[in-house]
């Protein structure tokens, strides 16, 4: 029987899968944007080269359209929130962001709507779907910054760049440092605990699970777990349930709703994690983006993986 | 017996009726032929008999039962019709084609019985298609095909047999063999109603001829009463003479060259 | 003829048993024949028991039922509409079901809503097609019905594009996966209700099997044999559509089965519709179970969409049949 749609489609969840999926697609097609990203140094004087390879010169953006939850949240965190004049449907943190004009789902944005907010900087998620938009905005003379933020290192770099283009680099560095310190604390706190085999279940039909190249996989490692699909090079893997059974995960992490499906379905009942009652709903408000909540996300994961452990 | 009584038929969304006020009777033991030019309403009568066209007025009775209220299955047990056009969507063996004639006798849950097999065997023998039973319907000549269809009609074991232009496209020998077969069936007690363009053969074999013209009966009666030059000229709108066939003595139509006007 | 039919049924049954055994024994998890046998009875390695009893058995059963339903539906339609290219999806079934499923997916319907929505969509599309055909043709003309189905299908495709144009990626992903067909989500509950539908649909077609044989000769010949042509045609149309709708709601769109299997069945020499119903059911079941096995084994750890596999098998086969027809 065909079923297994999640109970509700979370706007936030959408963003997560969207990210994972886009990365999976790009990595396979050999998009070099990510690989070269960390080598590139931000040099304000000469201008920035973003993840689409476009150069832009911005000192202090005043009206910013931010079309990804991660960058919107970062802008607020570093004290540039009041300059955000446009966001995606899914950018709802902090609460103040909800008052900003909603410009849709963030991929393939409506250029006219974006321009109507009269931005002097547009921040896009660097997915192939956004290339036409970046080109059109450049052509219209609007500074456009396309960032690929899929791994923890990407977050640090994005914070630095956004700090530079808003003139708030010090606040940005402080934010990044705080995240890094929390991550390090979690890592050392669970270092001696046993490391359970974990399946991170993203979506059903067909089962889509977390692979290696993702910030979630990094968080899992920090929180003291082993991704059973860590050998899969992409961010996400389409797998068969038989293969899941073969890898015998001890813990399943799933979005709220999906955990109910996994527990209820007769197809999943042979999986060790289901038999042992270790299917957990993740806190998706913390975990669905590689943003300022990365540290708290790692701590929350560590608590799920190590029952009885109370935190760093 | 089939009795058309003051029948009026009209195709949907047509101004003029295709058949107006036609009465005719096909009795057991006789061949009754319906003839007439193209579009005179011959095949329309057959369609009405099959229930494919509702009667606008008049009645059709089959062995004293009103065809309009007769269950189609019961009708098919009484009257076997060999329609003008028919082609199996997928070729099927002759024996299976003939066996379909038992359909009116078999209710949804009825199983094939020995009596059904016997009826099929008899029909195959009567129609003289015994040597064709293992062939496919796509491996038959035109004459063989018509005889197989007559065999299927015989398997229906009705009292009446209706054939719509059964000898179109057949050569002389096959044409004759079909007519001889029909004559024998009539002698054996069937009511045979025949729609045909073959005026000369009809004149030799039929007991009664009904000549239709623009949906109405132009003449009816014995072959010699209907096969008259002035009647046929008016109906077919072509110069003809009717002669007496020197060999068999039946009236014979000879169309002339060129229109006389 | 009956002996020949019995022989064909025995051979087809043997083939079905063979692919079903393969379907249970083969997969990403290696299972020995003995291990599979023990697992069927719940003994042995719990992993193997879970794989065999919770995953493989229900999906083999679902695949078989989907194949049965589509093939019987296709056989009845090809004969009734007198068209070797007729198949259940052409009736608007696939389009309507897809609209229902896509709407359910995009509105975030919970578990179990998608099959119901797909079924409702399919039935609605068939009703619309019937109404369109009635308005256009009056009588139940096979060609008009077919064209009405095609028109409804085209409209459904447009509706799907409208719904999906601004849908979030995972809605598109779900809808796409659904439209490509799969039995990977098979569970016994779904298998049970599809079995009921297929049994009822098969019985209904069997009951009018002789009428379908008559309809295959043409309207006039069928009427001459006492068939109520309009009523029988509509009956076949509705039963076939419901059968197809049930399979579609259970497994999404699995193309070409309804088109190809009747040709395979007729190639054995069978012609009587009742015999064809049995033969197509067996062939359809074997074909879809085999196709699902191929979908599972082709590219581990992922699975191919079942509909893509049946299309890959079906299209070349059908091209050769087309050549034979002309």
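Residue numbering begins at 1 within each chain, and the chains themselves are lettered A, B and C in the order written.
The rule we apply is simple: contacts are C-beta pairs under 8 Å (C-beta built on N, C-alpha and C of every residue); 3 or more make two chains touch, one makes a residue touch a chain.
Treat the numbers as computed from the prediction; the structure is a model and nothing was measured.
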Assembly fragments, chain B aside and the remaining chains unmoved: one piece
Centrality ranking, top chain (CA atoms only): C
Rounded Å distance between chain A and chain C, as computed from the means of their C-alpha atoms: 41
Cα-centroid distance, chain A relative to chain B, in whole angstrom: 81
Approximate Å spacing (C-alpha centroids) for the pair chain B, chain C: 43
For chain B, residues that touch 2 or more chains besides their own: none
In the complex, chain B residues that touch chain C: 12, 46-47, 50-52, 71-77, 80-90, 92-93, 95-96, 100-101, 103-104, 106, 108-109, 153, 156
Parts of chain C lying in touch with chain B, wherever the complex brings them together: 1, 78-79, 82-84, 138, 207-208, 210-211, 213-214, 216-221, 223-229, 266, 271-272
Contact footprint of chain A on chain C as seen in their complex: 27-29, 46-47, 49-51, 54-56, 58, 62, 104-105, 108-115, 118, 166, 168-171, 173-174, 177-178, 182, 184-191, 193-194, 249-252, 296, 300-303
For the chain A and chain C complex, residues of the former touching the latter: 1-9, 13-14, 17-18, 21-22, 104-105, 107, 203-206, 237-243, 245-246, 248, 261, 264-271
